[in-house]
Amino acid sequence: MADRSLTYVRTEMAEALPPPKSTTGISAWMRENLFSSPANSLLTIVGLALIIWLAIPIWNFLVADAVFSDPEGLRGEACRFEGVGACWIFIQARFSFFIYGFYPPEEIWRINLMFLIGVILMIPLLAPRAPFTRTAAVLFFLVFPFVAFFLMAGGILSLESVPTNRWGGLTLTLIISLIGIIVSMPVGILLALGRQSRLPVIKGFCIAFIELWRAVPLITVLFMASVMFPLFTPQGMQPDVLLRAIIGICLFESAYMAEVVRGGLQAIPRGQSEASFALGLSKPKTVALITLPQALKHVIPGIVNTFIALFKDTSLVSIIGIFELLNTVRAASSDIAWQFPTDAVTGYIFAGFVFWLFCFGMSRYSIYMENRLHTGHRR
Amino acid sequence: MTTAMEAPQADRSRMAVSETDVAVEIIGMNKWFADFHVLRDINLKVMNGERIVIAGPSGSGKSTLIRCINRLEEHQDGQIIVDGVELTNDLKRIDEVRREVGMVFQHFNLFPHLTILQNLTLAPIWVRGTPKAEAEESAMKYLERVKIPEQANKYPGQLSGGQQQRVAIARSLCMNPKIMLFDEPTSALDPEMIKEVLDVMVKLAEDGMTMICVTHEMGFARQVANRVIFMDQGQIIEQNEPEEFFSNPQHERTKLFLSQILH
Amino acid sequence: MTTAMEAPQADRSRMAVSETDVAVEIIGMNKWFADFHVLRDINLKVMNGERIVIAGPSGSGKSTLIRCINRLEEHQDGQIIVDGVELTNDLKRIDEVRREVGMVFQHFNLFPHLTILQNLTLAPIWVRGTPKAEAEESAMKYLERVKIPEQANKYPGQLSGGQQQRVAIARSLCMNPKIMLFDEPTSALDPEMIKEVLDVMVKLAEDGMTMICVTHEMGFARQVANRVIFMDQGQIIEQNEPEEFFSNPQHERTKLFLSQILH
Amino acid sequence: MADVSEKRSGKTARSSIDPSLFYNPTARGIAYQALLLIGVALLFWWLQSNAAANMAAQGRNTGFGFLNSTAGFNISFTLFPFDRNSTYGEVYLAGILNTLLVAAVGIVLATIVGFILGVARLSPNFLIRKLAMVYVEVARNVPLLLQLLCWYFVLLNAMPPVAQSYGGVEVGEAGLVVLNQRGLYMPRLMTDGRFIALLISIVVAVVIAVWFRRRQVKAMMAEGTRKPVLLPMLGIILIIPIVAYFVFQVPVAFNLPVRQGFNYAGGFVVPPEFTALVAGLVFYTAAFIGEIVRAGIQAVNYGQVEAAAALGLKDGDRLRLVIIPQAMRIIVPPLTSQYLNLTKNSSLGAAIAFPELVNVFMGTAINQSGRAVEIVALTMAVYLTFSLVTSLFMNWYNSRVALVER
Amino acid sequence: QTLDAVEENGYIQCGVTEGVPGFSFPDENNNWTGLEVDFCKAMAAAIFDDPEAVRYTPLTSQVRFESLANGNIDVLSRTTTWTMSRDTDLGISFTGTMFYDGQGFMVREDSGVTSALELSGAAVCIESGTTTELNAADYFAANDMDLSNAVVFVNQDEVVQAYLDGRCDVFTTDSSALAAERSTFSDPDAHVILPQIISKEPLGPSVRSDDWQWFDIAKWTLFAMINAEELGVTSENVDEMLESDNPAIRRLLGVEGEFGEPIGLPTDWAYRIIKHVGNYGESYERHVGADTDINIPRGVNQLWTNGGIMYAPPIR
């Protein structure tokens, strides 16, 4: 249109061309993402410096200076020298202690069996579109806890009885968090329903319960469970420390779960329950068949997040002397046989990694579920 | 006031209305939302097999009135007698009435977590205690009647609005209701879909169902209603048979209203 | 070569377009989104006081084109010269250009945390450094021009869509732009509201504002445009004065497009 | 048509029909509530009678009188003079103040780090974005207790022993700022009542500076020209106290940390427990705040940014006038609950010997006095109060900033 | 009655530490050993003739008394100091002294400190919820020394770790525990325990105050072990000693008299203890004696006949 005529008709369509070199390829990507402006370039340099500054010592500690094997069998001596990095043979040597705690070695198959059952039941619960979801849910929430308890505790079917103070390690961490979630789900649902009730006494009670536990730190709840519960139970009927801690955790967690579920209930439009009433379903049936299933589906990510928080929080029971994962790591690193300069750090890194693995995995899963829910069932 | 008996259209001949056969009777009913007097002195008698259309401007209390009939709303004064049962605070009676009264909502209110078939069989199974196989069989029958049997295993979110509303109608029918209530069943739909829903409703009317419809579809009212009731400010202003109502409205407000909606 | 001078409508007489007075000039411009060649070999010259309407199917690059004019998008090839300033990576020039170019978006994009008046005075105060009192005074003037002075102290959320779009136009005008860009300003509005917004735009055109509008309102194009540009697949396919464009489209695609939207 | 709206209001429900109570929803409601009440009352009665029996069996006393008796132990870090003659009441107070101190410092730092993180997560720079992501994923997914222990012991190992202190001096001499495994030692201000005057003058200076800034901004808006703000403000804040210092002849002496035997004595000490606790809390909480900030900024519609750009607003102004005010509405409520979480999490300081409320009161005091119930109740009351205040603030804030809609 | 309940269960529930070498310490398989563990085993031996009929519950110092008073455990044998208030106010009763301990101080050898009186201003690592905290405060106050640098931890693990990492100059707790902890250090010789013992810390087992029979069983279990040492009866020679003519030995081993009956035990109750666990001296040497890593000299814990203060009332 060099001569600016008002009328113009394109006679020949312009073909789509590849973009100019300067806007594609790795150099363009770097220009765009790393050096798009002077300030950005500076940030890149700072970032690189930070990575180098952090990565080298971490690498040295974890790999370069670390002890990976001990030709003379696993012994603490192998790590007793100045400048030692992580002592991985320590983890190797005490691995079964970290996982199973003080559980009698010849009975460990029981724990493994319990884990196996648990994982098998969880697959249909967590995997999208898996069959048998409902059966698995019933088994997992109603039957599995008892099976697991009898497997762990023994005392029946000629299983040797193993008292709770021999439970420990990652097993105990998982047990505490699973009991926490299995108990707090139904209690939390009841509390959430109660909080929505129009009956003032029920509503008030639920609000007070929820707000009380949400207001206080878990560690005070655990202290309370360990020093105060015994005072409030009749003499001779003493729940052991583990049970008390678990009760404390369940009370605490139910309150959080209630708030999560409430969020889901509030998201269900009123038309749903009205339609259900109009069909002649009673109030309890409406809740059980219509509102609750929908609400729970909405809050799966919230539930997973609560579970992650609970899983991390189980580490606090070490403060009242229960040997969950973190505490077994600490106990092991004060073992005479395993005294070396980095025993504590090595143990913490291991424990931290295990916690991280579980929590990160679950949070990814929750994000995945969230995305799926957004698209699910839509056209 | 003309009764449904004298309704002129030919296609109504199949129905059998007898004076003694009262489906719904409302006597001197009043209702308040807090201090707001939303329904005032409502008197209404609907015979079995009658088809009533309720019209009126927005906020006039149409929805509230039909929601009172199956006790989704509580009335404070007067009597509502449905299928011979008076609605009171008695939960048992309410359940009884709700079983006999189907309701279709403006926004369908299908249960999104259940398949179409599950939506349909839910109430028969849990309320009537029908065996599952039997419930599913009759559900499929009703789905065929609303012309979407092939969608039985989809979820509501996968259907169009018109299809959803037809499912909602089928869902109510599965309970074999004696009376059907419709609250603006087509007003959330695109024009093409309105027709498919109205067709189903017309068919229902032809089969002799007692129906009370809140709707602004005047064509539908003309075609199937025995009576049109016009409400304003919580009161029944005027009622008449459709021909008369449209051609010769009596009340000032009715005239104004009709002039607005029939352009 | 017809200039806008000879445009037929009477109401265009007030504007004064001179050949030398170029508002926007685009020369051999190309743009890619990653590998996707979205604008291809665009050449366009807009005179001061001219009113251009850009039409074309969805995805043809209309929005991208006008967003390039005030550098909301970056182009990779060719030149864009706005009000004598060439758009490059130079932030200062970009700011300069943006001050002179007003833009109205499809979804209004008013600032919801500010009152209408604050929305209008924000840019004059912080960009131009206008004293507050003065900025408010001129804002009220523009609000009167778009006929909603009484809403000055409300928040955007309290207005209807049409009102919001009119505020958005007023907000751009407050900066005394030399050129106004409109990106489908009416397509998010209900029919009754479209008219009130178009009225404001027509008024603006009558006052001689240089305007580039992406719109499918062909009535508006007929009434005020000097030129209609038709785009497809990132290219300018055809341009012409409105009468000619509508009555006698040249290119196949134009014909097809017009047949679809003018039913 | 009859109009009976004056006849009565709907509140007076009619009751001419009297169905069997069993099916009456009102009656049912009352019955459920009564059941719950009775249940709860029974539970409390049971707990109470057990407690009474247990206490009687153990011959224990109850009551809050112990708050006035001497505690008999030391607390290593308090904000007011405390020794072994102080009472349990003072232990309580010291714990609360230490908790609040950690919370205050932690909140300020976590906010700063968190905002930087949130912005970094959205940075156009790939490297910075990924670094921030790694940080967040590590910090969020490892238990805080573990992190605290790591921080504490890493900090202890990173610091030199007393003899090789940074800024250290010979035995008997006074240092200025000394850093070693025992903490960070700084000069402590020693002064008398006239110092209050100085303090007041500083407050006055800040108030004047803030007023000045308001005035300048207003003038800026009114006249449309940019005016100096920062420098004059700094001037005001500096000059007024200096003038006050000379006018009142405020005696200012510093108590310097002196090396005596094992340690430095005197001065003001920040113990490593405090540093580790704050570091751990900040590191952990900042990750959550970063995510909140990111979500808040992302929630501001991109159209808003474009509209601001199209109006010619510069980068900084766009952020300040358009994005931040809108993002803040979304950010503040979850942010406050993070603040509350940080405060609650400070109770983990017990694990690394920081004398916050749970450590000194639920830990030491409960063991020395044996008043479990009272001490648990008092401790929980503190956290309940924090939570109540927070939710009051949140309600107030939400009602204040709620966007006005039609 | 506790005895009935215990017999019903088939085991004693014994509260122990979370791991103090020499006193009560678990190995990898949760087999507990130590001087105090031996006491629990002795009780089990007396009741069941089986020293392994014990369940150990590791307790933190915060929860130990509650656990005992409320029946979680039957006997508390956990480095617990016998004090008046604990004996009278907490619903528990001490049954005797197993180990005469006292609070001491440990410092790094290179600090050059040789006396606790030089510790003014030192940073002191302490575990919370113990008498240690109060004793230290008293001692420092009495000697006009400055204890503003006390670092108080909830768990012993952290106390030791912090001391080793240099947070404190001094680590104070009962000297037995100091010795035990020192034995776990990678370089035990770099740390010295100062000579001053600043408190009387008689460590002994305790039971609930509401059951006198159980109290007597616990009390006489300990006395039997001490008497056995005094009479020269060991686990090795106990069977020969059954033939002894010494009436004191005959009464101890149940050959003469019915001393078990009043406390609900069989007559050979003490024989069982000595047979399975040994006398006090044996137990001491086995767990904390000179041949162990712990290496605490017998000191005041010698029998009274050897210049110590270990003394048990006669069985007669």
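Should a chain be cited, it is by its letter among A, B, C, D and E, assigned in written order, with residues numbered from 1 in that chain.
Heads up, the rule we're going with is that a contact is a pair of C-beta atoms (placed from the backbone, for glycine too) under 8 Å apart; a residue touches a chain by one contact, two chains touch by 3 or more.
All values derive from a computational prediction rather than experimental measurement.
Novice: Hop across touching chains from chain B and tell me the fewest hops that reach chain C.
Specialist: Counted as steps through touching chains, the separation is 2.
Novice: Hey, what chains does chain A share as contacts with chain B?
Specialist: D
Novice: Indicate, using Cα centroids, the chain positioned nearest the centre of all protein chains shown.
Specialist: Most central by this criterion: A.
Novice: How big is the gap, in whole Å, between where the Cα atoms of chain A centre and where those of chain D centre?
Specialist: Computed value for the inter-centroid distance: 26 Å.
Novice: Can you work out the whole-Å distance between the CA centroids of chain B and chain E?
Specialist: 84
Novice: Just how far, in Å, is the C-alpha centre of chain E from the one of chain C?
Specialist: 90
Novice: Rounded to the nearest whole Å, what is the centre-to-centre distance of chain D and chain E, using the mean of the C-alpha atoms as each centre?
Specialist: The answer is 44 Å.
Novice: Check each residue of chain E and list the ones that touch at least two other chains.
Specialist: If we look for residues of chain E contacting two or more partner chains, we find 62, 66, 69-70, 154-155, 161.
Novice: Can you tell me which residues of chain A touch two or more of the remaining chains?
Specialist: 223, 227, 230-231, 233, 235, 319, 344
Novice: Which positions in chain B are in touch with at least two other chains?
Specialist: 91
Novice: If you go through all the chains, which pairs of them touch?
Specialist: A-B, A-C, A-D, A-E, B-D, C-D, D-E
Novice: For a test of understanding, state which residues of chain E touch chain D in their complex under the given definition.
Specialist: That would be residues 61-62, 66, 69-70, 88-91, 111, 118-123, 128-130, 133-134, 137, 141, 146-155, 158, 161-162, 165-167, 169, 210 of chain E.
Novice: State the interface residues of chain A toward chain D in the complex, per the touch definition above.
Specialist: For this pair, the touching residues of chain A are 32-34, 36, 40, 43-44, 46-48, 50-51, 198-202, 205, 211-212, 214-217, 219-220, 223-224, 227-228, 230-235, 308, 312-313, 315-316, 318-319, 326, 344-345, 348, 351-352, 355-356, 359-360, 363.
Novice: So in the complex, the part of chain C that touches chain D is made up of which residues?
Specialist: Residues 70, 72, 95, 98-99, 101-103, 105, 107, 109-113, 122-123, 125-135, 154-155, 157-159, 168, 171-172, 175 of chain C touch chain D in their complex.
Novice: Mind listing the chain A positions that touch chain B in their complex?
Specialist: Within the complex, chain A touches chain B at residues 269, 271-272, 274-282, 285, 289-290, 293-294, 297, 377-379.
Novice: Taking the complex as given, what residues does chain B use to touch chain D?
Specialist: 30-35, 37, 40-41, 76-77, 86, 88-93, 235-237
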